[in-house]
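The following blocks contain the structures, represented as structure tokens.
Look for chain A in each of the two complexes below; its partner is chain B in the first and chain C in the second.
On to the complex of A and B.
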């Protein structure tokens, strides 16, 4: 992942947001989708993606589905009900964080 | 370009050769590698399958699949303990709490009515009596797992509880601690501790393995698919 220190803490939120929008996705699809959306700026490494998916699954935020595609099995991830609620919370947290960072980087010095 | 059945088999062998022994993780990694290889070969058709595989494998970093395997184990262990406590906490709410209280009272009365000199030995004997069937059960479950053609990581966690062998040390610790079992309060706390520990072993070794099939079907949608 480029700028990994800045992105690392947001990986779970990125995954939850993508699944919220797309319904269900498989691991490789997630890496490609993030690459496409960020125009290659953010590359989720395989070594970080699967541990994050497995952790979210163990926490009960993701559910899995398996389908036979071509000549192999494919594991799809989707949000559980609890996962949907958590996505809303985490996105709100992330937005708040972005606002705070913007205030820190570009402080408004004007006197109201 | 789609990979052939033979190439998919090769990918399973490749994951096994790189220390991924469980079918559930192998399957996910095989699909990932296959997607990556297919895309690479579309872009560079002159490349061989083996070279494309190496390109995809390198994306997992210097430790290969090791990190994915370790983190998966950690996540499933967390899930395992959540399940254990779901069953275990029933012994602390009605109606099963009556059984816990009765066993504690029974052990307390028993220890209180025997000579102080043999109380420690009685506790050690109790642990040994309980641990022998546990050990036999573990050997049986290990044999069953060895015979399995496909290994499932969560099944291994559910059935073996690798750290359990260390529990044989508990009676030795009791002997070393030399609790003052003459004190009624300490005797009561010790009785309760022994009962809740043995109940936990009981849940881990006898209750949970019986539910393994159902828990595996819930964890792995592919488990049912493969066993029908």
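On to the complex of A and C.
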């Protein structure tokens, strides 16, 4: 992942947001989708992605199903009901964080 | 360009020979690697072997590190699961019931609990070993699942602590002759075994349901 320190804290939220939009996804698909959406700027490595997916699954935010696709088994991840609620909370937190960062980087010096 | 069955078996065998033993982890890695290889074959116009070799030369180490990381996370998850179950009211009730049973029934017949405690690890390892063997036989021969097999790590850690207090062959580091303490240790050990069996059963159900399509 490029600029890994900056993105690291947001990885779980990125995964939750993608699953919220796409319904169900598998590991490789998530890495490709992120790469596509960020025009190659953000590359999620498998070393970061799979432990994050397993952690979210253990927390009860993701559910898994296995299907046979193209001669192999594929593990799909999807949001649980709890995961859907958590996605809303985490996205709100992330938006708040982005706003605060924007205020810090580009402060408005005008006196109202 | 999709890989055929023989090419998938080739990758699976390669991963198995690289000590990626647990099938639940290997299956997900295999899908990731196969997708990367398919992508390489399409984008760089390579044959299967060229694409596979080119991908693994760069990424094999990363996958081995990832495997170890996932196994470590499984251990942590199992320890947390045991602690969570130990804190449940039902577990505490079972512990109290076992405790009462021993105090009321066995202790009244001058049953030597310290002797049972000394051989408890041996009895449990043989018992749980047989249970694990039967469980894996039912799941499929030679298929090792991380959640079921890594519980042995937790079990051995618990047995080591047990051996610290009760060792039948060496002089005890801590002499435990207190009957009440022995009864409590015995009850706790039995409760732990019940928890471990419950976790193995839970994972067996989970794996049977998830990997029912598994043929390779």
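One rule holds in what follows: the second predicted complex is superposed on the first by the 112 of 112 C-alpha atoms of A that agree within 3 Å, B and C clash if a C-alpha of one lies under 4 Å from a C-alpha of the other, contacts with A are read in each partner's own complex, and residues count from 1 in each chain.
One rule holds in what follows: a contact is a pair of C-beta atoms (placed from the backbone, for glycine too) under 8 Å apart; a residue touches a chain by one contact, two chains touch by 3 or more.
Computed from a prediction, not measured in an experiment: that's the story for all the values here.
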item: Clash-or-fit label for the pair chain B, chain C on chain A; value: clash
item: Partner chain(s) touched by A:54 [first = chain B, second = chain C, both, neither]; value: both
item: First, second, both or neither for A:75, with chain B first and chain C second; value: both
item: Touching partner for A:108 - first (chain B), second (chain C), both, neither; value: neither
item: First, second, both or neither for A:45, with chain B first and chain C second; value: both
item: Chain C-contacting residues of chain A that also contact chain B; value: 26-28, 45-47, 50-51, 54-55, 58, 64-66, 70-75
item: Residue ranges of chain A touching chain B (in the complex, touch as defined); value: 26-29, 45-47, 50-51, 54-55, 57-58, 64-66, 69-75
item: Residues of chain B that touch chain A when the two form their complex; value: 2-5, 8, 27-32, 34-36, 59-61, 63, 67-68, 71-72, 75-76, 78-79, 220-222, 225
item: Complex contacts: residues of chain C adjacent to chain A; value: 2-5, 8, 27-32, 34-36, 62-63, 65-66, 69-70, 73, 77, 210-211, 213-214, 216
item: Chain C-touching residues of chain A, taken from the complex the two chains share; value: 26-28, 45-47, 50-51, 54-55, 58, 64-68, 70-75
